């Protein structure tokens, strides 16, 4: 009897019935559901012992203490070091995801040489060779051209080594980065400051040492002078929305009030050789005139002046914007002069002189090339330019540098990414990234004490990577390694027996004189610690000139930087924030740029509704910003808080994560004094 | 879902909600299972044919379910409720009583349409003739014969098989359609014939005296047949069935005359298959 | 006979399905993998005189060291101590290049499970054997069995087959945890044991 | 060639024409399945839904479709429980519509969830307090019931009933149909309701939140009522549509009017209660949550007009027409009114889902807009195509309108 | 299993100190293995357990002012909107800590809870979680990455709570030390704007701040008893929050 169709059905039916009484269907349903927990789309976190290690953040001059949580050796999260003398347990968003930087996909892992518009791999010795031959050539026919090192992070021990190296090189020139925060001989005693009059300094958004500043915020009054309603302006006690480029006028206006009403510190004024001249200059800016120039009501100016000196120690600061670049030298003079009037120089709660971590022998100032600003170097004079930490140069205006290069030149960029200035280099040399370089962090610009911390390497750099010092040694054919010089410096500090060590791990402090050996000090610093010395260097108040050598230039600056221009009726104001100044950023930054509207991003401009209406653009449109120097395309964001007639443009990463502010910065152009914080522009819809 | 699955609590919410759920599931399950069991049972005891006729009859359009006594003019309008099996009808005897008075003049043909009265007619266009030997011969009446004509295939019951009245007696395939023919009366199959023999089945009746009250006879049959012819005319729109009343003659083989689809529809209509 | 034929076929199909599901499937469900190298707890304990805690310890921060990293092995096995080829292989493959040994962990919970040994051992005072059999005496490592569907180890899922119903491993699935927690009256939220 | 599958005496177009009719719908189905496949394998990023518009086109249309499919349970209820025999003329069609609507909706829901492979968790670890659990349980149960109700229709197919056991089973099922109808009614009541509850319980969405009557928010009952109200209207419309397409009259006009009247009666009650509910919401619920009703209608394009349209234009108006015997008698009025009624309920579902999510709840929220992606639209078109196909096949091979043959013979 | 006594963890966020720097968002993402946004993601499809919004006072320059509003799961303690709606118990309020737990492994991604949450604190995984190649090794081992198609949200850094608990257990304690458990956003905030702690314990700073002048909660009238409080001295902020919904925000 064969199996008929019916029979087969019966058999299958029986099978089906039995099937449901076995574990098979249930295990499958369950198993498949469980599989969704670990299917290919879901990554596996690392496993292993969790350790805590310490280092110092070198992403910006603030040199915050870093507590790294590592699985075995790989950092998985960074945090501040509680009660750190400078950073007070704070890290900025960029610092918090700094451990992603060494792992970024666009990491530079081998040296590249420019071929036309793109780069090709090349050996590092080839690069060193190229530089060496150039130097040899210059030496031979004793050309007047320069060898320059452009240092994005001055004040490090490495910087000292560059300067010493340059001293030996033909016309060696040591250049400070355009927007680098100057390492002033004075720090700010912010904890005891009564009033801060800030001319566009991002006081609460990444200025000086954020930890210290924000901690002190409870105690000082903040008057923010800024065109833009920045985060600082929002939280300031007073916001003076000033017409772009008229800071000097306001400074002199306030000075005028203080002098007229005899509210200034006469004793301090006596130290100024040219106080009379200054007073005369200020006299030309009565509140009414200042009001006309700045667009701030006279009453407000007067009130601000009273406010300024009315609450104990008062300082006026004019820091450079991380994206917008520095204020003009002349504005800075006009603003700094206010500190003379408030008598805050050398006074508690004001600017305090500070010492410096002792240097090893052979690094005395005399043995080093002097620090110079780019503006000071004549155009077309640099034959060889070596840029250290070009990544941090993400927000420089390249044309400011380009114009200094000689007809034939070599530009070498020491960098972790092919970003920022590195894109313009002839050679890109892979440098150790953050957390990979065993280096030191200089005293933050605003700390009123000598400081020195080591940024111990938590990770191994890629095999090809070399630090700047090593590269220069290779060029010169020999020289001490950075690590050795660092050790010498630590030894010198130990020898000086000054100051104390702050240990990150347990927030304890040890006086240097109690540290047995230099080796112990080194160990303490490398395992996570910083040396700090509050002892100010002896400093008598010499006679000095407020206006320096250029009273008329100050006058000119104060009379308004931005001449009216019918063709370009709008004012273009670039700005940025420290965290994004570095070209490459962690992908997690998409939280700030893409997944929230917290930061407008480097592909936008902000306009007042009226401005937008007037030029026929609306929120979301793409507009073309045109200046005399160039143009750039950006997405429009309409915002009530923007000053009418002003285009605000963020310099920094965009939602897409990469930082290509070139177009904007070039459009801004570079003024004679090496600033680009302001330009005349016109606007139209793309 | 179940008390032993984690997350389950013996609180009102769970008890009521899941209680309701399981009740519903049980009810649905029980209903379906019951239906299954019963139908399996029916198949076992071979009630299928009975059900089929029940349903067919139920699905027939009202005009096909007229009571024979309406055709007979004994009642104005009445629908049959018993699947044309008057033996189980309560009203039937009364009508018969009433009709008894009426005299009938039987006539062997209808507009030249042979209608032998030596046999009893079933509403499904079959006839039954009591033979001398006590057997029953079953065949298609003239109309049925002309409807089906020469079938391409004929499925006759096996010998010895027992047929119920109104069960499928045999089925004929033609023009790509199968037409089933209802058994006019119950009985056991003794022999099978075909269109050529003039009869299709010879049956041994269940009892010595087969109950044939449900079958049409004499004048009643003639009246019924004339009405059937009218119906046929209505149905078959084509010239195949000329107005007999006007002396036209019905074509010999409707199966050949009518377009296939229409033919199938007509057969179904006339042979009481919805 | 004819009447019953259908029923017989039905039962036959039923039986086939049952046996396949209960006997064949549990074998087919798991893929067997051998450990990268063999290891004898017994030898290390008896000859090496080591205690369990030497390798499987709870750290001060409450995390569990689990299976020791290769440097722990290197501590003794920098050079061969015994004569087994297995040891030589380990030294050659892992210790010399200082590569971690890719152990297949029988009791590894899914990534989303948070299990604190500190809780169960230090506070609840549970014996290791409560969940892991007495590995101490084991002389070799059994094959690692991974469920083809869910991807988890047999020690986690437990074993549904009738074959070894007698000494059936209870498994370490959520239900098993919950059962014990309920017995001990521990009330938990999901995230107490998930991460 | 498929003659032998078509019940005798029913006039159906030629196989060729039928296939021509199926072709475009099949293509549409294929396209839709592709779209759905994208959503399943690439994930819901294929849709235009987002964290703020967590529900989109799919939920809105599911709610609508299920409301329209309510004809199945309600007609069943009337025929088998209340014994309104004249409605037998449409019950089969209603069952098919119900089956199509529900199976379609459930399919789309399966695509709509992010982890379909875990869908059974809802049964295994149900949160009995969640409206969605109620919906899931009821709809799956009711879908089963519908399938069982559909079975007799299928088995009655001319070819299938040749098989003796099918024939008998169909007969037996038919006899217990009233039980299934009862269960169906019970289930439908709850899931139609809990679909309303779905949004009514959202305390965090003041626009949708309604205070509870007993355990359920008022929307629970409003949804049941509105669904029951449009069910007949939709059956009416489809029947008319099929008549237009096939060119046969399928049911007695009286049946249509009966359906119309039923819709009218229920609709007027619904409109009344909906009005009361709205007033309570405006004067009690919303202020209680610290808002004022105007706030919700301040965002164009969703002004007060939408409320007016929902209650008056597409609620009260059709109700009045359907209740007026003279108007009802005219086919045009009847159909227009039925159409309005259906649209009104669709609008109500739209307001409950889309408008609710579009409205901000926090000071710094935007009023959101949302436009479905082609994948979303495609997926739903698949359901439409599937519905048309199933209905077409059923209409051709099964007896959806018992009166058809008699009406033809007339 | 957390603390024996049942705690009600919550926080007070001082809006007058928040500079809107976004450190909390970054720290949160790193701590909880929240992936970087997919290239196609927008601010409406991205995942940010902690998101800083900007609320303007709606007045034109130069009177325009704005405040930064960090929004995270408000940990509702009553009528918790998301708990009641979840069809399969993937959301619950932990009795021991008062934390609203979301279980991604139980979630089927119906997103009903997202529709229910008035604070928009819940996020759906529209894409597979993807880190640039090689960056998986920076994931936090204490938190399991979620898979595509499920909902996730802030759980007050449950991983850190676990760490604190394990530490306590290792030292033989059942109760955790208060300063062992601090969510990432709180730790990271440079302005120290967030105060975190046990609201049930009147002695804690957070409990006192929550009761202090100028403290408020969002949508308080919904009666959700959320455990995230906000503080501001600025009257217009209170005005803006009370005056209800849908102020078109200035850009952040």
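Letters A, B, C, D and E mark the chains in the order given here, with residues in each chain numbered from 1 onward.
The rule we apply is simple: contacts are C-beta pairs under 8 Å (C-beta built on N, C-alpha and C of every residue); 3 or more make two chains touch, one makes a residue touch a chain.
This one's a predicted model, so the numbers in the text were calculated from it and none came from an experiment.
**Q** From chain B, how many touching-chain steps at minimum until you land on chain C?
**A** Minimal hop count between chain B and chain C: 1.
**Q** Comparing C-E against A-E, which pair counts more contacting C-beta pairs?
**A** When the contacts at A-E and C-E are counted, A-E has more.
**Q** If you average the C-alpha positions per chain, which one ends up nearest the average over all of them?
**A** Here the chain at the core of the arrangement is E.
**Q** Specify the chain most distant from chain A by Cα centroid.
**A** Farthest chain from chain A, going by C-alpha centroids: B.
**Q** What whole-Å value do you get for the distance between chain B and chain E if each is reduced to the mean of its CA atoms?
**A** About 77 Å, centre to centre.
**Q** Taking each chain's centre as its mean C-alpha position, how far apart are chain B and chain D in Å?
**A** Roughly 41 Å, centre to centre.
**Q** What whole-number Å value describes the gap between the mean CA coordinates of chain A and chain D?
**A** 62
**Q** Check each residue of chain A and list the ones that touch at least two other chains.
**A** 32, 35-37, 42, 44-45, 47-48, 50
**Q** Please output the residue numbers of chain C that touch at least 2 other chains, ranges allowed.
**A** In chain C, 59, 61, 63, 111-112 touch at least two other chains.
**Q** In chain B, what residues contact two or more other chains?
**A** 6-7
**Q** Pairwise, which chains touch?
**A** In this structure, the chains touch in these pairs: A-C, A-D, A-E, B-C, B-D, C-E, D-E.
**Q** Where on chain A is chain D touching in the complex?
**A** It comes out as residues 29, 32-33, 35-36.
**Q** State the interface residues of chain E toward chain D in the complex, per the touch definition above.
**A** Listed in rising order, the residues of chain E that touch chain D are 38, 40, 42, 44-46, 53-55, 69, 71, 79, 81, 84-90, 106-112, 114-120, 122-128, 147-151, 218-224, 240-241, 243-249.
**Q** In the complex of these two chains, what residues of chain D are touching chain B?
**A** Within the complex, chain D touches chain B at residues 3-4, 7-9, 123-126, 128-129, 133-134, 137, 141, 144-145, 148, 161, 164-165, 167-169, 171-173, 175-176, 179-180, 183, 186-187, 402, 405-406, 409.
**Q** Flag every residue of chain C that touches chain B in the complex, lowest number first.
**A** Counting only chain C, the residues touching chain B are 174-175, 178.
**Q** Where on chain D is chain E touching in the complex?
**A** These residues of chain D touch chain E: 43-45, 49-55, 112-116, 118-119, 121-122, 124-127, 129-133, 136, 198-199, 201-206, 288-292, 295, 298-299, 356-357, 359-368.
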